[in-house]
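Labels A, B, C, D and E are assigned to the chains in the order they are written; within every chain, residues are numbered from 1.
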C-alpha cells in the first residue's frame, strides 16, 4: 500500500493526520458549506450585509418551504425524475444488448462498431446540437420529456456499451460455451446466463447514468423550455431569475436541485464507484 | 372580446412576465379570461424573461402556443419575415383599436400588424431623493449639472449610479441616452439602421461624454458581475444614488423598502442642443402562426388591449406602467404620471424602443458587449469601435 | 458408416451464432446512428450553408470557415480567436485536475477510522450538477459579499473581482471546473491505488525506494490505466465545458470567457443568434480538435485490445 | 453409448494449421487421455469433438453419426471445463438442471435426473448452495454433475483438475476413475499431469505439434515407447538419454557409461543412436568410480542422484533404501542391459 | 555474510497473535526452509525478517546486528516473491538495477553487477525485454537476479515456485540449489511443496499455528519425527496411521494389521496409540489374505495400492518391480517391525 500506512508512523504523526483530515475537508467543501449556510439565513441577513456572520435566525423551514410551495421547483424536480428514470432504463436495456453482442461474439466489424460507439461518445456534443434539435422538432417532440429521453438514451448508449462490453468480456467465456454445449439458445444465454451475472454492472451503470442525466443542463436547454418538460438543472436558472439576489432562496433551491444525485451517491456509493472504475479503468 | 361567439377548447399562453409583480398580473389576466369563458381552459406558462429571449424561436416553430409575449419593432422582424407570427390586422381593423393608434407604427411591418402592445414604460433616472436632499442637490437638467451633482455624491462616499451589466442590455440604455442626447434621436436611428459608421467622430463624441462619468467613478464597481436586479441593493442601501432604468424598477425598489419620499425620478439631462429622444419600450402579445386556437387568441388580444384591462394592469399596484390604450386612465402614481407627462410633452426628438430592439440582433449583441467593455475599460474604445464597425459592415448587407 | 445429422432445423437455428449479434445490435445502432452519427454529418453539411433554423438553407460553401479563420481580406473572427485560446487554457489547466486528484488520493489512501466517509465527502463535488457548482462558485467569487473576498479581507489582502475581470474570469471558471474534476480524478486514483500490487511496493521498499522516488518509479507506472482514463475524461470535459460558463458569466465579461462550445451555442441558439450555419462551422472545428484526441484514445484502446488477446 | 472416430481431422486458424490430419478411434466406454506439451493442440482437438471449434477438414463421428458439422448440443457430448464454468447465480440444483430446462424437458424429469446425478456425486447436501459457497473440488463435482444430467454418450474433460491444489487433485482423480467405472461412458480427458494420465487412462494419446506421436495403454507407452519423444515424455523423472554408437549384434557403445551395452536391437552397425535408460532401472554401485555425484535430492523414501559422466552428460538415478550417495561421491553404475532403449539419433525413432 | 537469529519473536495483528515466541538460529550460509499448513505463519515470519511486517516483540539479529526495528532496505536482505513482483514498466535490466539506482550507486557499478547476475542466471538475451514478454520461469529468474544484484547477506524466498508449472518448477528448483552452492549466502525459503523442502533444505523448520513443531535436516525429520504432525507432514505419500494399543515390552497391537508389532518403544501398557508406517516400507505379500486392494494407481516405475483393512482403515502401499497387484486382489502385508513409529493417541507426541 502506498503511501506507507499511517499506522506504521509515529503517534504524533497519526494525530496530526487525524486532525488534518477534517480541516482539509472543510476547505475542500468550503463553497458548498457556504451555500448550505446561506440557505438557512433569513432575508434580513443579506440586506444587513451579514453574509458571513452567524445567521441571525434559523430559517430552514421558511426558505425551503418557499422553494417547495411557492415556486415551480417541485414540478421541475418531478420532470427530472420522469426524464431520468426512463432514460436509465432505456439505456441499460439497449446497452446490455449491444454489450452482449460485442462482448460475446466474434464477427467482422465487431471492433469497428465498438469503436464507433466509443468515438461517438467522445464527440463534443455541441456538434450534435443543431441537427438533434431539428430532428426533435420534426418528430414533434420538441419541449417534451420524450424528446429529451430519446436523445439521452441514444447518446448514453455509447458510453454504456463500452462499459457493458468490457464487463461481459471479463466474464469467463466457458460459461457461454458450457451453455451452448447444453443446447441453450443464444437469446436464452443472454437472458438467463449473462444478464443475471451483469447485475452489479447494471446497478453501477444505473447509478452513474442517473447522476449524468440528472445533472444534464445543456440538452435540457436545447431541447426543452418551460416547466412543462424542463428538468431541475434548467429549472434552477428560472428559479434564480425569479428570486434574483435572494441568496437564501437561491441557495436553498440549488441545494434542493443537487440533493437527489447526492443522496443517490450516498445510498449507492459502492455501485457508484464500481461504475466509475469499471467503466473507466478497465 | 369574442362578440357573442362561444370560445372553446384550450388557450395556451406563454408569457415572459417572470418578475414577481408582472407575474401576478399575468396570472390574474389568465384567470380572469378563463372565468369569462366557461368553455375555455386557459393554460398559462411563465418562462424566465431572459431565457425566453432564446426560447421563443423554438417555441414558435414547434408546439406553438396560442399567445406569446414579445417586443415591438425590429425585435419582431425575424419572426414576421419567417412567417411565425400571425397577421392580426383584422384585430386592428376593429374601431375600438383606434385608441391604440400611437403604437400602431411599432406593430406594423409591410403594412400589416403582427401583434398588440399591452404596456409601455418610460426610461429615465430614478434617484434617492432623500440623499439628494441630504447633500443639498437638486434634479439636474443639463449634463454639467449632472456631473456637478455626481462629484458631490462621490465626495460623500457614494456612487452616482448603480448598474448591473452582466446581461449587457443595461449598458445599451446608457448608450441610447448618451447618444440621443449628444447627437439626437435621428442620428441614433441612423446608427441603428447601419447608415453611420461606428468609427464616426460623432459616435466618438458620445463615448467621450460617457467617459467623463466613467472616469470620475460615477458607476458602481464590478457592475459586470450583476444582473439589473442584483444592482438594486446598491441603491436601496444608499451606496449609489441613482439608476438609469425603465419604470419596471420602481416595483422592486418599493418592495425593498424605499418609500416614495425617498425615491424620485427625472428625465435624462440634456447634453447638446438637440430635441430629446426617449426610450420607451413597448411590450407586446403575438399569436404564433402555428397557434391552434386563433379565435380565442384574438379574443385574448382584444381583451388585454381593452381600456379597462389596460387601466387595471398598468395600475400602480400592478405593472406600474403606461397603458397603451388612450382611453385608459393613467395610474395615480408619481412615477407613472411623470413618465406619461415626459413622453407626452418632452420627447420631441422621438421615442426609441431600446438598443436591443432598434438594432438588428447580431449588431445589438456585438454592440452591447462592446458597451459593457467600454464601461469597464474605456481605454479600449478604439478597438471596440473598430470591432463594431467590422460587424456593421457585415451585418447590414 | 455415418448418418448425417438431420438438417431440418430452421435457417435461423443453423446460423444462430452469426445472426444473433446483429439482432442484439440493431436497436442500439439504430438509435445511435439516428441521434449521434448522422447529426455529425448533418452538422458538416449545415456548416456550408447560411441558415436561420427556420427557412431554407442557402449554400455558401466554405464562407463560414473563411470568416472563422480570416481567409482572404477579412480578419480572423475575434470571438472565435478568443474562444479558441480559452479552449486551450481549459485544456491545459483542466489537466491540473489529474495531479491534484492524485495528490488528494494519496492523502486519503489510508485506513483510519471514518476514512470511507471522508473519501465520500471529498467526492461530493463530482456528483453535483455543474449548474449548481457554477452557482456556488459565482457566489463564492462575488466581488463584495463573496466568501473568497471575505477570506482575503480577513487576511487584509484586499479584494478581487475574479469573474468581472476579463483577464481572470476564465481562470476563475476553470478553477470552479477543477473542483468536481479533481474529485473525479481522485476517485479514479483511489481505486487505482487499491489495485497497486502490494508485493511490488514491498519489493521497492526492500530496494530502498521511498517517498517521491517510490511514487515516481513504482506507483505512478502502475497507475497508468487510471491516469489514462483521467486524461480522457478531463480532455473531454475541457472541450465540452459549457454549463459553467453559461451559468457563471454567460460568456462575459464582454465575451472574454467564451469557449468554442459556448460560442457555438451562442451563434446557433441564443437570444441574438440563430446563425445555424456559422454555429455548425464552429462545432465542426471543435469536432476536429477533439478528433485528434479521439483517434489517439481509440488507438491506445486498440493496442490494448490486441495485447489482451 | 458410442465411441468416437476421428478421420483425417484438420484444424486451421486462418493460415496456421494446428491439427494435422488426425486419425483416432476411441472405443465405446473407453477412457482416453490426451497428453502432450503445451500448445500441441490437445484442447483444440477436444473442442472440435465438442463442436466448440469448427473442423476445417476431415470427419468426426460419434457412434454412427457424422457430427462434423453438427451443433454442440446435437452431438450427445457433455463437457467439463478447467474453470468449472458453473453459473454463479444459480444454485447447484439449477446449475445441473439448466440445460434440460432450457430445452423444455418436463420438470419431473429434471428433478429426477438431478437427484440421480447428485446421488452419484454425493452432492445432496449442497444442492441449494450457490457455487461460491463450495470448495474447488465440490465445484468440479457439480460441473461433472451437470454433464451427467444430460446423459451424454461422450464426456469431454479439459484439464478438469488443474485448478485444484495437490491434495484435492488426488481426491478428484479417484472420483473420476470411480465415475467412469460406474457409468461406463466414453470419456476423453485432456491433461498436463503425468500422474493423471497414467492412472486414469485406458488409452493415452500423445500429441506433439498437432500430430499423434503414439497411443496405447499407459503401461504400453511406459514400457514400449515408439520414439524418443514419447519415451522422454512418459515417466518421471524422465528417461536418461546418452549418445551412443550402434555396434555389431545389438551392442551399443555408450561413452557416458564407459561400457558397451548388449541391447539386442537390430540396426546398422556404426549408426549414431540415442541410448535411453530410466532412472529407476539403474542402481548405484558405491564401489565403482566411473561417475561423479553432482547433487542429490532426497524425498525421504526416494532420492535422486544427479551424476555427471566423463563426457559431461548428466544421468539421474533413483535411490532407495537407507544408504544413499552424497554430493561429491565417486561411484559406479549397474543396471540390467535388457532395460535399455535405443533410438535413432537423427529420426529419434525407436530401434528395436 | 551472516546468519539469522530469532529470539522470542512474537507477532500480533491487533489482538490476534499469529507468531508465538519463536526461537531459531539459522547459520551463516545455511539453506533454511519453512514448511507447514496454510495459515501457520510461514510468510509472516519471513516478512518479519525482511522488515515488511513489524515485530511485535522479541528480537531479530542478522549477523551481529539487531535489526528488529531497522528499515527493510537497511537489513541486508533481499526477497523473492511468489508473484515475482517485477516492475512491469521496466526492462529486465532496469528491474535488476533498480535497487542500486535508488541507493545512489554509480552507473558503472550497476552495469557491472547486473551483468554478473545476468551471467549467473543466463538472462543475457532478455535484458532489454519487459517482464510481460518473459515466461514464468524467466520472470522468476529475473526476480532472483534482482535479489542477487543487491548482494544481500540473506536471501528470502516466499513460495517462489508455486506460480510455475510442474516442469518449470523442477528446473527452477535445481537452479536455486545451484545458486545457493555458488554464492553461499544464507537463504530462508518458504514453501508448501514437500519436494522443494526435502531437496533444497539444509534445515527444515516445521511450523504449526505460529509455533515450531520441529526443525532439523530433511532426513532427520523424515526418519525421526518428534510427533504425529511432523511424521504425517513429511514424506509423500503420507505415512499410514492406524489405531493401536500399547502392550508389554513395546509391542503394539494393531487391529488393522491383524497382528502385534514389536516396536520396542517404552510406554505405559494399555495406552491408546497411533501406529504409523510409511507406504514405502510395506510390501505386498500376494500369498496373504488379510487386506483387500481397493484401487491401484500406476505411475510407471511405481504403483500405489490402496488397501482396506477389516477395521475399515485404509493403507497405502508403494509397489515397484514388474509384478503389481490389481484392483480386487486379496493380499497380505509384510514389513520390518523396526520401521514402525508410535505416537500417543491423545497428545500425538512420539513414543520412543
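In this text, contacts are C-beta pairs under 8 Å (C-beta built on N, C-alpha and C of every residue); 3 or more make two chains touch, one makes a residue touch a chain.
To keep track of the chains, here are their UniProt names: A = L-arabinose transport system permease protein AraQ; C = Lactose transport system permease protein LacF; D, E = sn-glycerol-3-phosphate import ATP-binding protein UgpC.
In this text the structure is predicted, and so the values were computed from the model without any measurement.
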Chain hops separating chain D from chain A, counting only touching neighbours: 1
Magnitude of the superposing rotation for chain D and chain E (Cα, nearest 5°): 175
Furthest chain, CA centroid comparison against chain D: B
Best-connected chain pair, where connection means C-beta pairs in contact: A-C
Intercentroid distance (Cα basis), chain D paired with chain B, Å: 94
Euclidean distance of C-alpha centroids - chain A vs chain E, Å: 55
Gap in Å, rounded to a whole number, between the CA centres of chain B and chain A: 40
Residues of chain D engaged with two or more neighbouring chains: 71, 74
Residue numbers of chain B (touch at least two other chains): 50, 58, 61
Residue list for chain A, restricted to those that touch at least two other chains: 49, 133, 185, 237
Residues on chain A engaged by chain C in the complex (per definition of touch): 1-3, 5-7, 14, 17-18, 21, 24-25, 28-32, 34-35, 38, 46, 49, 51-52, 94-95, 97-98, 100-102, 104-105, 107, 110-111, 113, 115-120, 122-135, 150-151, 153-155, 157-158, 161, 185-187, 190, 211, 214-215, 217-218, 221-222, 233-234, 236-237, 240, 247, 250-251, 254-255, 257-258, 261-262, 264-266, 269, 273, 276-277, 280-281
In the complex, chain D residues that touch chain E: 174, 177, 192-195, 198-199, 218-219, 222, 234-236, 278-281, 295, 297-302, 318, 320
List of chain A residues in touch with chain D within their complex: 172, 174-175, 177-185, 188, 192-193, 196-197, 199
Residue numbers on chain B that touch chain C, as the complex places them: 50, 53-54, 57-58, 61, 78, 82, 84, 166-168, 221-225, 356, 361-362, 364-365, 369-370, 372-373, 376, 387, 390
Contact footprint of chain B on chain C as seen in their complex: 52-55, 75, 78, 142-144, 161, 163-164, 166, 249-250, 252-255, 269-275
